[in-house]
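Once you scroll down, you'll see the structures, which are given as structure tokens.
Across the two complexes that follow, chain A remains constant while its partner is chain B and subsequently chain C.
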Partner chain A sequence: MSGPSREKHAPPSLGARGQAHPVGSPLTGESLLGASRPLRRRQPQYTYRGDRRLALVIPAAALILALSIFPIIQLANMSLHDVTLATLTHDWDFVGLRKYQELFAHPDFWKILGNTLAFVVVVTALGLVGGFAAAVAVSPQKRGASFLLGLMVFLWAMPPVVVASIWKFLLSGDGLVNTILLNIGFSERVGFLFDKDLALWSVALVNAWAVIPFNALIFRAAILGIDPNLIEAAEMDGAGAWQRIRYVFIASVRPSTMVLTVLTVVYAFRSFDYIYIMTAGGPGTASTTLPYFAYVEALVNRDIAGGAATAILALLIVVIFAYVYVRDLRRGEPED
Partner chain B sequence: MESTPNRRGRLAGLAAWGAVASLALGACAGGDTDVTASPPPGNDEPVTLTVWHYYSADGQAVLDDLAAPFTDRHPNVELEFVFIPVEQLTTRVVTAASAGTGPDVLLFGASGLYDMASSGAILPMDDWWSGYADQDQFSDGVIHRIDGDIYAVAAYVNLIGLWYNEDMLSDWGVDLPTTIPELEAVMDRAVAEGINGITLTGVPGVESQWQGFPWFTSHGFSYGDPQATAMEDTFTMLQDWVAKGYLSAEASTWDQHTSFQHFLAGSAPFSVNGNWQVGAASEVEFANSVAPLPLSANGGVLLGGELQNIGAFSEHPDLAREFVEMTFFSAEGQLLLLENFGTIPARGDAAASPLIGDNPILSGFVAIVQQQGRPSPSPEVPSASVNEVENLVGNYWSRAIARDGDPRGLAADLIAQLLPLLED
Partner chain C sequence: MYPRKRREPVAFAIRVVLYALYGVPLLWIVLTSLKSSRDIFTSQATVFFTPTLEAYSTALADPALASSMRQSAIIAVGTTSLVLFCAVPAAYALARAKTRLVVGGLAVLVLLQMIPQTASLIPLYWLLNSTRLLDTNVGLILADSTLFLPWAILLMRPFFARIPISIEEASLLDGARTLRAFFAVALPLARNGVLVVTSVILLVSWGEFLYGVTFMLSPRNYPMSALIAQQSGLYGINWPGMMAFGVIAVIPVFILYIASYRLLRNGLTLGAVK
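Then we have the complex of A and B:
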């Protein structure tokens, strides 16, 4: 079914743990059932003493401690004190959980939390579906795939500030999108960015659009890792295009999907630049999410403790999401 | 740090009418500072003087011209202008102060004054000011104090007025409005012509507080006696304007630059905007000018402008003071800024320049200072709450334009959040 020449030119596959294996190598199974699941690599036998290995970890651990752990601890510390820009250089008064109480009592808090969750759901769902669809579109067999792939890499590499500015221009009241809509029969302009009921969704759509290239590249790598024998077998069994996508592609990219879901949720949750440029969180607080609210609290209102409390809350929510998905991911892995 | 202002520190001495007197009387006598008389001795040692600011790219070029007399006098001094985005400046200054560092000279907005003073990034400049030869050229309105100590001086005034398209008004045969009903009548005509009536800023944040202040004070609001009914009337007016097409709901996302671009593109006969737009306005083909906003007797316009002081951690404080005196505080420097940015000089002699008298737009802004000028930040707002108050009010201005709530509900919510912030 699969000739030697085909195996020779087949791209490397991406296994469940992300290692690349040449298709048809001893590291991959030969049966259809096992084709998309590489055999586990044999663990190397370490010969170093434990303390030596520990020493090698120290530089990385020190960096993480200095650049990640310490700032988070400091952020949490600030959220428990009365810190404003005016008192930043003074001793901070301990206020316990008062900043969190003020946050929960803020008239717009629940609206902003709802905005955040809605934003994350839209960006994640569209980002994953769109990314997978784009990955299928740029699979090697398709005509123009190279062009699409290049275009996606270009879009992915564009700075968010540029992308957001372009979309702000396109979606403005007299922008291209509204001009087209008026020409095809709309009676009035659509307030994509200034209608309180549309602004959040508009920014979320643009944010999802922006994450699609990255997701597509990851999905594409996973799709290229599918054993061609599996696809060929499905075709011989009479599977149509949709059935191949559903029963072969989607099933095969599941490990990548799990990882991408975590990454996209985190990406969506910490999104700031698109909101800042396109709507400034407005009108009012219609498109304000928790990260943007943290910015407003800390740097506009200059209530650094309030901003820190908001950021800590956002961080906790992201950690919960990440934990759930990482746990599921591990459950899907083979036992050692 | 010599003193730390208490929480209730107020920006006292912002008597706008003092500025008016200075600008109107203008030509009072007053000698130029004598710092240019001769180079100081021992100026061969290389020195770097850092100046932190948030001027635009074009503005930085003007800063170089502004500094020319100083660098001619001090060839050994290298000036390092450091641009910091306006929204980051105060934070950067305060964090630098916490590390015991900072610039030699600071150009900053009034909203950052309290934080900078409280953190020790700037120190009182009373001794400097009392010994400054040209201090009588400056009215008390541009001298910014906290707890009675002078912490900064504004070299010029920025403010907003009613820009209008003279060609449109002339074609329609209508007069310049002096009341809100007259303004609405002209805007009604504009809508009949297929355009909007007015452009203004509604982006959430402090910019919108500036745009809203004239209108809600015109309806009787004041920070000293915050009443929901005045805000409700203002929001009702705004939403009525949006409903009738006088004002685009898209204004809820416009900053001052975008708002003025729409005016320059001919989308409305009026724009509420600032004197810094003089350059942009001169480049369009239609005739335009500026008039006072058609407010009631209660209405006022906030007087802004960048403040100057030297940094508390400057290693060359004498040179830094001399730099400020030879540039921002000098008549020549203020006229250079006037020519490039349309800023209204704070010095009486500079304000009497023909550059203003012969320019109807700049004269219009001087008239607004005289008729409607109000100190900024508003003295009734506790210094520690200025940013939060201005941001909050700006957000509700934005929400009103976007019709994100009915006027009564918006006004009630705003006042409920405002009152605790206005308490001592």
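Then we have the complex of A and C:
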């Protein structure tokens, strides 16, 4: 391996990265590399080497094309036909946009859309504010703080079915929360999961609780990146605790916030596990969101096409989020 | 990072609240699993009771537990293997290749990662049904892998992207072909990324239940999470039994988590937000 030839072939962008030559690195000095053969053969291929590397995408691309892209096309196709669970393997009758008309005419459609919006707003607002507060609380290099972070992330890593079952138990009619409420003077038990005015909020609160650990982890990384001198300087300038949080902490997490907001919105929008376990979308459709409704239509009511139309609508909403996210990521990645 | 001596009343207060919010549910599952059904009947919220392993012995005697644990293990390991096989080379290519296709590819991955699972569930049910893969482990592993693959690639890519490109350039010029540059140079340097993706995918595929409960038609093929989901939907839930089930299901998660916590803590941050 020879230094000069390496420099000659290096693309312009490489110089800008200013990397030291890894001479003598055990990772590069492979003894199996021939001494003279490579340079001659390598040269013409060098310019389109980028394309050759794309070959490594083939296994992933194959799986995604066959089991993600193709099914989505099929989902759109199903939404234009009359398909039920019973006629799934038969020929389907083309019905045009009728399934969409039925969806919009469904008596609970607007209520479900409203549920979805309320759910997403609550989970996102609490998830971000709570995540930030938790990040401030777990960032100090103290044992109590590190252990708390470990505990919170562990709950994030636990199977959602288990965590949702715990909350179903805690919020049940004679569960812990109701017992505490009765002891502090409530006159009757609260039907957190059975009351049609409360069920949606209960599930949304638990979902916010579930997303806070992950958001705290992301915010924490931003907070740990703050120059300690900045905090000290703010203090010397007479900034109180709240002012430090406002002008130092919040200012420094702002770059992560946009992307994290989109991620949390999407998390809330996609939420399924907690709704399924805690309320099953009920009572009635009181805690049903749009993606959950797609499931109910297709697999509970056995109307595959109706579920497909609902899912396509949910998918269109997701496309908007994805657009915002990608636009924002690209802005933060000037090198591409 | 932080000056050590400062007292922070706000942060301290938040920590107390968070310990209660996140500690109590965890404590409660363990406490409940140690109660007898009679304790639950009188009051679910009692703290003082005689602990018993009744719920555990019942759970362990249930043949469904062992079989669902085995199913979960097979599905989690199968899914993780397939995801790694696809995601690691793809992440490398997307971190290194210099074409416009990369941006498009990343955008597609972001979109796929955001699609509600119920939207993929419906056509996958049809697809697995027509390929006779419903109610088989292969079918569920394929579905789970597709579900987690976009995330795995996006999580993995930064680990390759931050390897100084000059290291690879050197080996390429020395005659290493693309595959060798990947296996001999980039992969060892991105080892932590592979470990993060491995443990994340093991964790999430162990916990996945919607595909499990939908694509497995016979309950004896259910993975653990699907079994719990199904039981928690029943009326008159036997809570101590359910919680004992939950604790047993979480033990593998706990072991994996303890082993990979540091990697996860740093690695998840790297992949989610640049």
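General remarks:
FYI, the second predicted complex is superposed on the first by the 250 of 336 C-alpha atoms of A that agree within 3 Å, B and C clash if a C-alpha of one lies under 4 Å from a C-alpha of the other, contacts with A are read in each partner's own complex, and residues count from 1 in each chain.
Note that in this section contacts are C-beta pairs under 8 Å (C-beta built on N, C-alpha and C of every residue); 3 or more make two chains touch, one makes a residue touch a chain.
Computed from a prediction, not measured in an experiment: that's the story for all the values here.
When the shared chain is aligned, no partner comes close enough to touch A:A105: not chain B, not chain C.
Within the superposed three-chain model, A:I184 lies out of touch with both chain B and chain C [touch as defined at top].
In the superposed model, A:M236 makes contact with neither chain B nor chain C. Touched residues of chain A, counted separately for chain B and chain C, are more numerous for C.
When the two complexes are overlaid on their common chain A, residue A:T89 makes contact with chain B and with chain C alike.
Judged by the touch definition given at the top, the superposed model places A:G175 against chain C, while chain B stays out of reach. In the superposed model, A:L299 makes contact with both chain B and chain C.
In the overlay built on the shared chain, the residue A:A280 is in contact with chain B and with chain C. Looking at chain A, you'll find residues 88-89, 172, 280, 299 touch chain B in one structure and chain C in the other. Across the complex, chain A meets chain B through its residues 84-90, 107, 172-173, 191, 193-196, 279-286, 296, 299-303. Interface residues of chain C facing chain A in the complex, by the touch rule stated above, are 1-4, 8-12, 14-15, 18-19, 21-26, 28-29, 32, 43-45, 82, 85-87, 89-90, 92-94, 96-99, 101-103, 105-108, 110-112, 114-127, 129-130, 142-143, 145-146, 149-150, 153, 164-167, 169-176, 178-179, 182, 184-185, 188-189, 203, 206-207, 209-210, 214, 224-225, 228-229, 232-233, 239, 242-243, 246, 249-250, 253-254, 257, 261, 264-265, 268-269, 272-274. For chain B in complex with chain A, the residues that touch the partner chain are 4, 87-88, 90-91, 94-95, 97-98, 114-115, 118-120, 202-206, 248-253, 384, 387-388, 391, 395-396, 398-399, 401-405, 413, 416-417.
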